[in-house]
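So that you can tell them apart, the chains are marked A, B, C and D in the order they are listed, and the count of residues begins at 1 in each.
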Amino acid sequence: MTTLQESAPSKPLRQPVFGIGTIAVVAGLIAAFAVPVLADDYWLSSIIIPMVIMGLAGIGLNLLMGYTGLVSIGSAAFMSIGAFSTYNLLLRAPFLPLPVVLILAGLIAAIAGVIFGLPALRIKGFYLSASTLGAQFFFEWLFTNFSWFSNDSQSLTISAPRLQILDYDLQSATGRYYLVIATTALLIALAFAIVKSRVGREWMAIRDMDVAASVIGIRVAHRKLLSFGISSFFLGIAGALWAFGYLGTADAHAFNLDKSFQILFIVIIGGVATIFGNFLGAAFIVLTPILLDRLSLVIDLSFLGDQGALANLQHIIFGTIIIVLLIKEPDGLSSLIKRGVAALRPQARSSG
Amino acid sequence: MSYFFETLVSGLFAGVMYSLVAIGFVLIYKASGVFNFAQGAMLLFSALTFVTLTEKGMPFALAFIVTSLVMVVIAILIEWLVLRPLRNRDPLTLFMATLGLSYVIEGFAQLLMGMDVHMLDLGIPDVAVQVGGIYVSQFDIIASLIALTLVATLAIAFNKTRMGISLRAVAADTLAAQSIGIRLPVIWRIVWSVAGIVALVAGLVWGSRQGVQYSLSLVTLKALPVLIIGGFSSIPGAIAGGLLVGATEALADIYVGPLVNGSVSTWFAYILAVGFLLIRPAGLFGDREIERV
Amino acid sequence: MSLFTKAMSLATAAMAVTLMSSASFAEDGSGQQLYPLFTYRTGPYAPSFIPFGAGNIDYLRYINEVEGGVDGVKILVQECETAYTIERGIECYERYKNGYNGALTAAIYPHSSGLDVALTDKARIDKIPIVSPGGGQNIATDGRVFPYQYPLVFDYWSEAQIIVDYIAQQAGGYDKLKGLKIATLYHDSGYGRDTIEPLGILAKKYGFEDIQIPVPHPGEQQQTQWQQIRRANADWVFLRGWGVMTPVAIKTAARVGFPADRIIGDIWSGSEDDARPAGAAAKGYLAVSVFPPGTDYGILKTLKKDILDKGESDLKDNSKFGTVYYNYGVIEAITFVEALRTGHKKFGNRPLTAAEGQWALENLDIDQKRIAELGAEGLISPLKTSIDNHKGETIAAKIIQWNGQSWDTRTDWIKADASLFADVIKAKAAAYAKEKGIQPRVATN
Amino acid sequence: MTNLLDLHDVSLSFKGVRALNALSFSVAKGEICALIGPNGAGKSSLLNVINGVYRADAGDIVFDGLRFEAIHPQKAARLGIGRTFQHNALFRRLTVRENVLVGLSRHGTASFFENIFRLGRDGAERHGFVARAERTMSFLGLARHAESIVSTLPYGLQKRVDLARALVSGPKLLLLDEPMAGMNQEEKEEMSRVIREVNRVFGSTVVLIEHDVGIVLNLASHVVVLDYGRKLADGAPDAVRKNPDVIAAYLGTIH
């Protein structure tokens, strides 16, 4: 068939029980759990963990932006709610096990998401996007200004009192990796279940044409708020993981506007309305600065001036890539890769 | 009570400063339907170029002209490299492209002109004068006059010149304007150039206050709630929104701040703006669109 | 495959190769001591880093090239850009915590208070000393609870004391403080709020009126705050600014008619880049200085002769030589080199491990005699650490004044009374230990 | 025969321009009613008022025994008013099947959690939906294209997808806004046949807008002629065809 068909987001509804998809999922899970054997602490702690968590945050925004068509530039606020909720639940309700705490933190973020999603019922486009900045600044202020949220710590930072599941300590890089990858795997499954369900279809209908969606009887307002809630649920859990699975400690400024922009870029780069694409976007966001920084160790770049010039060059390259992607590849890296794979396998294409 | 008025007045003056930034956004939005996030970066770039030139010994007026020309060149480049390839794409894509653009412009600004903090002295005395029992800054008065002049100039340009009329035609109905022979790329280049010069003026006023440095680009964030309240497409709206944001923010800081042990001005304007949107979704002066199906 | 697709895949492949192989291209570092230099050459704080980093690099370059290393051990400087963000800082930490190509890591200077806090748990697990001269966590003074944190040289509680001491000096004695109004205009953040508590204690002790006024980040509008100050008839303003907040404060003060010589800036409000953008309004403005500016110190003259004049300085703009941030960089590098020397005396003249570095940092003793040998008289005050005190036993700062062009030194070292807050800090550290389940060490040596 | 839909003195204006002017007419249960009139006569606006996209300034509407002045589009859908659009209003990035499935949304019974975790009522809902969608798609000859993204289909097929999406939920009243626009004669006749089939097999009452008078007069059992927001004529095709006002204003010399 044509390439258009290959980029179709839907698959036939009935699938064989042990199809290629199932095998891929099992293989992916095995690979994911084998990673700590192959990667050292540096790779785990400073590349793989942040990449996975940012990918998860990307899924959170993508559910809202890619599937429902509502663009938020305040995503980091909901991450901070998840992080601060997790901290306070662990601290003040020590009897709760970590998985329960993470879910509760996600739900608290979801409630905040629904409240700050209310303007979506009246406004659209970047009026809405700009108003999501309200959440961004409000929560950054809230968590900085009321030290109760950080248990009156002098530096207003939060750090996880304990990170364990059933007495298994998760403080080491490997432990944190397993926490992150297991949570993310479950949430990926959840994300797929949602987007393949009736709710997911209704979101996409609202995204493509909200008047028509309303006319055929979709509860548009309800679905938009649900999308804000679910998106924030994902972001909240991603925020908790970012604070405790990656940074170790965090303050409200770890979830500033730059972080919100990064998540937005992950969605643009990875591709809207994809799930795995977010991890491509996250890889890009996490790796590009490190690569450019390392490039200066390998190649003599002194002709560019000093190290500062190189750092500014990173900004320029980064911005340029965003623009070029928007122009050349509006569906993001995931569609680029799909086409790349298709081009490399002409036989598969003609037989499929 | 005089304290209340003093706060109110200083808030209103701060509001004028916000409006000055917001006008640049409105111009571009009106002509190309783009919410230009890179306006802050353009502000930084223009102010940096200006001080770099004056520090090299160039006289004020000449530096202003040269910087304006640089901004025109940048506008032409943006139209050619970013806007044209993205024509007919949805407004959010364009918005995100301007986010990327802001990285590029900030990067170039600092790559070319360094990261130092520069002092900028426009020769405006910044002392307090007493007017009717209230202390008012002379600098604020002059900055407001500059803003007024700018708005008046733009209003005349829009209403009296051929170019301005074409621009309003584009703003009203892009397709119809094209069909009567108005060339969109030309309009865009001109509007982005004008927005660049507005950015220069705003950058100079802000820069002379806080020094010309990276954080100039952050004033964008102050202009956003102004735009939400005033409407993205209305210059009078930008002025009114600016005054409203400036005044309420200052008063909230004095009267609400102490209740929540801190300053509220980082978010107050946004919450105000969101509340405002719920009542008037198109802003103070914006047009409400009728959805056609 | 489109040209764009090809280009992208080529770029991806090139990036992958770079990432995998960058280590093997670099020079062999065995036998050298690693100094991972955490930089932030981009972003809003870059203007302060550039001279600071140059001071750091120039001093280490001088040690390597003129003195032939520290006791013969060469220092390998590896830069890592953090852009002043915590996540990139963590990447840098992970990259260099175990050394680099054979060069050993003895200590890490994160160059960011936020990163210092974020690394606390990691450093405890990895047993890597984290050193933040002038920017560490005050509770980490208690080395029994924080074995791996070194908030050397300074803290904001001592700064509050020094400010009050200076005001008392000016007023003619501590008894004259009674009835004075001291307003603190602070950056609304953890950093800015840090002085609320000590000033409260000091106000109670001396009977001055303590007025606290927050300024939200970044602080580009302060009209209402300064009107409050004027309305309250404050006698002095303690300006705890950050970035753009400082010049705006000085300008706004002038506008409401508050005299500049009654404003005392915090150490992060006391650089040339803080005062100069305020123009004429800044003339007479005071600031606390832990890293005194100027070129009239022995070590600065040496650096000028051996590094700057030979064109080997990291500075691009030589006018920044001797500025507050340049000298800060030099002072910080001195603490590193002196810690290495301390370690060499015990472990021998070879690169130190992190464990050895930790011992050395805990047994630092830069006394007046050593300061003279270093040619740093007037530049640094004595620094002596112990297991009980990771900050240094005496904390001191000078007061400097902006003359419109540069800083003039107004006072000699004003020493803070360490006993005043010691118990409060100890109690905070103990509470932290309890929350974290840390068993405080006891002094063994 | 009872009326499914009654309009009483419905008026609507935009920025002072009258789109509908005190318009009244009735649609009987089971009939095919055509609205004709020149561009700007207010035909689309009328459909938009009936299913709540626009809010009338005055007048009221009785649908299936329920009287209302304004209605929310979702409520209209729940009451059984289906709708197609003049301009393409499909969910363009979804497949044909997904578009049709979304049309069944108002019949969803399972809760959100049942849906995503495939519990409880979800299975029955899923099966029921798929069966209905498949039936509707094959009825409209779309089965072959079920997996195609709608934006890639030719215009005529898209029109049919629009119809399928409205039809799948079994509406009592089906509002069709120019279902044959842009089609050639052969396609139009095919579409007419489909609409007649829909009317017969599914029992939906149809109100449609169409410009091709020849087609309309053959298809509809009831014709309402609009002109500048007013009703010009109302009756059986033959009666309308002979109405002198209509001939003068609109039909001209045809027939």
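Of note:
To be clear about the criterion, a residue touches a chain if its C-beta (ideal position, glycine included) is under 8 Å from a C-beta of that chain, and two chains touch if they have at least 3 such contacts.
Quick caveat, the model's predicted, so the values are computed rather than measured.
A summary of chain positions shows that the Cα centroid lying nearest the centre of all protein Cα atoms is that of chain A.
For chain C, the chain whose average C-alpha position is most distant is D.
If you average the CA atoms of chain A and of chain B, the two centres end up 32 Å from each other.
Each chain gets one centre point, the mean of its Cα atoms, and the points for chain B and chain C are 36 Å apart.
Computed centre separation for the pair chain A/chain D is 41 angstrom, with centres defined by C-alpha atoms. Looking at chain B, one finds that residues 110, 115, 262, 264, 266, 291, 293 touch two or more other chains.
Of all residues in chain A, those that touch two or more other chains are 141, 144-145, 211-212, 215, 308, 312, 314-315. Chain D has residues 53, 85, 89 in contact with two or more other chains.
Put simply, chain D touches chain A in their complex at residues 51, 53, 73-74, 76-78, 82-83, 85, 89-95, 97-99, 101-103, 105-106, 108, 110, 112, 115-118, 125-126, 129-130, 147-149, 152, 165-166, 169.
On chain A, the positions that touch chain C within their shared complex are 41-42, 45-47, 50, 141, 144-145, 151, 154-157, 159, 161, 171-172, 246-251, 253-254, 258, 287, 289-291, 293-298, 306-308, 310-312, 314-315, 328-329, 333, 336, 339-340, 343-344.
Touching chain B in their complex are the following residues of chain C: 41-44, 46-47, 50, 188, 214-218, 220-221, 223-225, 227-228, 231, 243-244, 247-248, 251, 254-257, 273, 276-279, 281, 316-317. Within the complex formed with chain A, the chain C residues making contact are 1-2, 4-5, 8-9, 15, 18-19, 21-22, 25-26, 39, 41-42, 46, 50, 78-81, 83, 85-88, 90-91, 93-95, 113-114, 117-122, 125, 137-139, 188-190, 193-194, 216, 314, 316, 428, 435-436.
For chain A in complex with chain B, the residues that touch the partner chain are 71, 118-119, 122-123, 125-127, 129-131, 133-134, 137-138, 140-141, 144-146, 211-212, 215, 257, 261, 264-265, 268, 305, 308-309, 312-316, 318-323, 326-327, 330.
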